[in-house]
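As written, the chains take the letters A, B, C and D, and residue 1 is the first residue of each chain.
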Amino acid sequence: MFPANEALILSAILFSLGVIAFIVRRNLLYTLMSVEIMLNAAGLAFVAGSAIHGQPDGQVFFMFILPVAAAEVAIGLALALLIFKRCKTLDLWAIARIKEE
Amino acid sequence: MTILTLLVAVPALGALLCALAGKTNANTVRGVALGATLLHVALAIGLIGAVAGGPLIERHLWIPSVGITYHLEADGLSAILVLLTAVIGVVAVLISWSEIRERVASFHVWMLLLLTGIVLVFLARDIMLFYFGWELMLVPMFFLIGVWGHEDKLYSAVKFFLFTFAGSVFMLIALLYVYFQYAAQTGTYSFALADLMKTSLSPTEQWWVFLGLFVGFAVKIPLFPLHTWLPDAHTQAPTAGSLILAGLLLKTGVYGLMRFAMPLTPEGYTAFIPLMAGLAVFGIFYGAWAAFAQRDFKRLVAYSSISHLGFVVLGLAVGNAAGYKGAVLQMVNHGLATGGLFLIAGLLQERTHTRSFEMFGGLWRQIPTLGGFLLFFALASLGIPGTGNFIGELYVIGGAFSRAWWLGAVTGFGVLFAAIYSLRVFLATMHGPESKTFRKLHDTNWRENTALGILVVLLVVIGFYPRTVTTPLHFAPDQLVPAAGRDSRSAAAMYGSAPKTGMAVHTSEGAH
Amino acid sequence: MTDNGVPALWLVPALPAAGALIIFLFSKFWNPRVAGRIACSAVGLSFLWVLVCSYMLITWPGEAPRFTQKLWTWLDAGTITADVGFLFDQVTLVFTLVVTGVGFIIHLYSVAYMRGDDGERRFFGYMNLFVAAMLVLVMADNAFFMFLGWEGVGCCSFFLIGHFYQKQENCAAATKAFLVTRLGDIFLLLGVLLCAKLAGVSFLDLSGFEKVAGMDSVPQAFGASGPLLLTIAGLLLLGGAMGKSAQLPLQTWLPDAMAGPTPVSALIHAATMVTAGVYLIARFHVLYVMAPVALAAVAMVGVGTAFYAATCALVQTDIKRILAYSTISQIGYMILGLGVGAFSLGLFHFFTHAFYKALLFLAAGTVIHALHGEQNIYKMGGLKASLRGTYLVFLCGAAALAGLPLTAGFFSKDAILWYSLSTKYGNPALFALGMVTALLTAIYTFRLIFVVFHGTERSHHHVHEPEPLLVKPLAVLAFFALFAGFLNLPHFVPVLSAKWEHFLEPVFGHYHAHPAGYGGKAGEALAALLSTVVSLAGLFIAWKLYHPGAAVVPVPAMEIGESETSTPAPYKASLANWLYRGWDFDRAYDAAFVRPFRRLSGMSSWVDRVIIDGVFELSAAIVRGVHSLLLAFQNGRLSRYALVMLFGALAGTIILFFGRGW
Amino acid sequence: MLLIMFYIAAIIAVVSTGAVIFSRNPVYSVIYLIISLFAVAMVFYTLGAPFLAMAEIIIYAGAIMVLFLFVVMMLNLGQNRKDEDLQAASAKALVLPLTFTTILAMLTVLALAGAIPAPHAVGTSSAALGKALFDKHFLGVKLAAFILLVGSIGGMHLGRASSTPDTKETRI
């Protein structure tokens, strides 16, 4: 009775949006945000899986995703700060050029 | 420790000694190199004597697990070519006495290593040893051209290396194919040529194996479409380099055809005869035409050697004793005559710092002896009787004529074009009004005279007594070309001429 | 002396060869005169030894004596077997006598003529080498060894024509001579190879050709019938003869070869080398008798060339070019003689011609030497007084050349003309054309005499009597020019007639084309009378046109003195200019062969640079292209990497999704 | 009834995530992301995972997104910035990724369409989750803890760099 199939479709859609965000936006923060979206979508799929099979394992796995996402954001943003300090911008294309000098 | 290993070891040790003597002054290095090459000539002459009694063999196991044996063998053909290598080695050392100023030690090391590679190629009867020698030749030549070359030496050195290396890849594939076929048929793994000749391959297999070998050797000879590396390599190589390149490296290609391609795949050889003959004849004409249009002395001589090598390959393609002897003779003569022309080009460049015909003209009054030598070698390269080239060309044309009259006729006219460019070499440099650009050119000193003199004497001796080269050969035709003989019907039919009795060479040497 | 009493034949060519070697190696350490002395003594000794051999040959008991001597085997590859062997029979005797005898005289003459020239040592070295090569040519016992002499002679003519190499046109003339003769040599080589396959090429035994003529098909490679093959071989050998003896299609080089010093023209381009073709055809007479078509071709080439050269000689302004065209014409006669089967008479004409043509050339040389290098006949004149000795000698030579009665030229030319009418190979057309050419010959010879020696003094040089060495040797030649004819008096002469033919009987005996018609002695006498009338008429016409007071005919385009030999059109009349330029063969050959070859060679080096290298450069370009393509994916932008990864994922899923179906 | 709640949450999630991509102002996009997370939490609830829904809201939305917001505010990438990197992506740049992702999504959905069995009736209660977490996946929990430790050390180390002067050596 759980809408698990639909949840899986939803996670697919969310994941696609995350990927598009990652490719399209040129700002580093948006890249980090898109990673968050993708992680979240993956988590949703896990939970949908556990709903389908009735085992808790799916949900356990989501619990693991949370710390990973947290750690990832922590370091990501720290790096973003340092990059911003050095390159005065967060535009990935500009950073690529600056990095080369 | 028979004479064969000595022949390979002497130049290698010479190279080592030169490297060690590098610290001392240049002349000791040159002395060591000269000593090594002179010893090498002595050994080579000893080999010629020894071979008269029958082929010398020296065989040790090298890598038994894979079947590679250290198998050196010398019959008539190999002995002559080794002698040619030795002689050209001496001349090369003599001639680069004053030309090579910087890094003299490494120059001689590379040159002697090159000679080792060449001798190894001529003596090896084991496919892998042959291939080892084949690759060993490439590297020193690359450095000789690349380091001591002239203007754009890098381009030519790389071009030379890539061309030959690509060719040798095809060759390796073909050889390995035969190796595995042999292993499949007999269960034992062996790289020895004698064994591999026993593999029975279907005609189509043979065709492909011969194609692989032919491409590898055609690049080296060079035959028509694959020849563009030669003019560049020659113009940029130092004198000794282009002398060895013209005198010896081109012969390794032809020798490879004779020693490995023809015996290993007889049907392949007979199937390829029309292509080989066609390319050879076209090469003769094409080389001559292109030579005439050149403005650079060495480039002209390089194209002329394409034309001469066309004769050699035609001699092979014709397949009868006359063609065969003509091919071997022409190889030796080309080494001497074109070697001489390159020496003179080097001497001229040393004096005038240029090779282009526009700058030359009217030099005969200033350098009469060099002019005399140039006249002799120009005439030798166009095949004046009295020099060996005439005999070589006569045998090849005679062989082609007896095979198919129109082939002989067409090749005959190739000789006319040879005359046109050879005379041009002499006229453009020596004749004409007194040269304004060069004033005080000094004539050749005793050392250069001896180098050129050796070549002149050898050419005249071969010209008047060609049996010095062809008698040791009496072993070769029977062993080497039985395959063509054994299958004379298809060859003759291929050629459209009535099958001849004399076609089968193996019956008796004099039959045809 | 060898064991069986045969004299050491190899000594004859060895002496001049040794002389040449000594001169080349050591003469630069001595003063130039020594080179001249070595050269003369070498040729002189060789001449003496030839005399000894001839004496032994003539006095040799036995029916058809000939000496043979084999030194070592030279070639041994299947059909191409030949050894370094010498043959000395009657024909060789004649040729060696001429080569060494006339050669010796010319060497004496050139000691004086070339004194002071900076290339004197080189000149004598090459002259000796030439004599050695010519002796090898005539004394070889097989065609391959003869070919060695054949090309050696061609190569020496290249050296000697290009003696004054400072001037560019001399080098061009030398190269032209060498290349045209070499073209002929190729035909000869192919002909010799064909003969080698058919019946062997040793001159000792030519019977093989008879057997081949009988066979309807020759088994070896060709499958063609015997006679056809013999004809082809004959034509090929004729091609070789044409090249070396400057016959019709390949004659353009001889007039330009006059760029060489005069003794060279005398020795090489008059007496010896140019007659090599005659020797070749004489040696292969068995082949030609067996191939009548080839023989007819020989006759036609001979008479055609004779007529062509005679017309050209009429209008030349350079004294040496007149003699050059005259030489071509006279060799045409010899070839005509061979062509009608009168082999021994062809050689007789060679024998007499060698003397009087060498004489004319040397006398012309003396004239040029006296006038300090002036060669244009219209700038000479009235030299009769100042160069009396030379004039007398020149007159004897001219008389012989024109064929005035009782001179050597008369007997030899008349015999050839008679045989061209009476033998079974001859026909009236040949005889008629021969007679017309004889008339033209007389005209241009005496034109030369009158313009150069008679009339008013036109040259501004002070003419002084040349030194004795430039005139004395000429006297010997003059003697032979006048009296050599008596060696072969016509048959109608009762006493000692046709000595020459009997002498050469052993060599040409059974093949001598007995004149079928043989209109008997009366016919021969009539023909002799006719040729005397013709030569006298020629003298008369020449006198009418060119006597001292007459205007210059044909009318010159520019002021008479200025026409240098190089200007292509010295006359007003276009026909005269056309004849002057040798029927424009040069322009035709230049357009047909030289220019296309230059373009062809330019094109082939272009093909090499652009097309073949292009292909390999292309492969390099492909590699560079792929490299830049891949570079696009590494441009550092994160989003590009993500896109690629996405694409990868997509491809993966598609393959998996549809993969299941495979 | 669950289904209706699911659909509402799904729509909200998709719309807000879309907004995240196309909003010009980073602050707005962070807030949209937070909304999207809330919607996903709702979906978790409908999937019978109430504990996870709460965890999502507290940890994910609460902690991580707040950190994001904090950083965005600190770098004041507010609306007055007109750098090109903040513009919404041009339509052309969108085409390729869009097509790829749609195909990818459709494929995965199609692939899964037939394979998924019907969902079980009962969801898993928090107790069951807790029990599974600490006996079957206890190792996982320790590793998760370890990751958090690494995360905090990393964050601290990178943060510290700002105190020393920005010389070449200290650059990351």
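Quick note on the criterion: a residue touches a chain if its C-beta (ideal position, glycine included) is under 8 Å from a C-beta of that chain, and two chains touch if they have at least 3 such contacts.
Source: prediction; values computed, not measured.
Contact tally for B-C versus C-D: the pair with more C-beta pairs in contact is B-C.
With centres computed from Cα atoms alone, the innermost chain of the structure is B. Chain centres here are Cα averages; for subunit B and subunit C they lie 37 Å apart. We define each chain's centre as the mean of its Cα atoms; on that basis subunit C and subunit D are separated by 104 Å.
Remark: subunit A and subunit C have CA centroids separated by 99 Å (rounded to whole angstrom).
Centre to centre, using the average C-alpha position, subunit B and subunit D are separated by 75 Å. The multi-chain contact residues of subunit D, meaning those touching 2 or more other chains, are 97, 101, 104, 108. The set of subunit C residues that touch two or more partner chains comprises 643, 646.
If you check each pair of chains against the touch rule, the ones that pass are A-C, A-D, B-C, C-D. The touching residues of subunit A, when paired with subunit C in their complex, are 19, 22-24, 26, 31, 92-93, 96-97, 99-100. Only residues 643, 646-647, 649-650, 653-654, 656-657 of subunit C touch subunit D when the two sit together in their complex.
Of all residues in subunit A, only 1-10, 12-21, 23-27, 29-30, 32-33, 36-37, 40, 43-44, 47-48, 50-57, 59-60, 62-64, 66-75, 77-86, 89-94 touch subunit D in the complex they form.
If you check the complex, the residues on subunit D that touch subunit A are 2-3, 6-7, 10, 13-14, 17-18, 20-21, 26, 29-30, 33, 36-37, 40, 43-44, 46-49, 51-52, 55-56, 59-60, 63-65, 67-68, 71-72, 74-75, 77, 83-86, 89, 93-94, 97-98, 101-102, 104-105, 108-109, 112, 116-117, 119-124, 128-129, 131-133, 136-137, 140-141, 143-145, 147-148, 150-152, 154-155, 158-159, 161-162, 166, 171-172. Residues 635-639, 642-643, 646 of subunit C are the ones that touch subunit A when the two sit in their complex.
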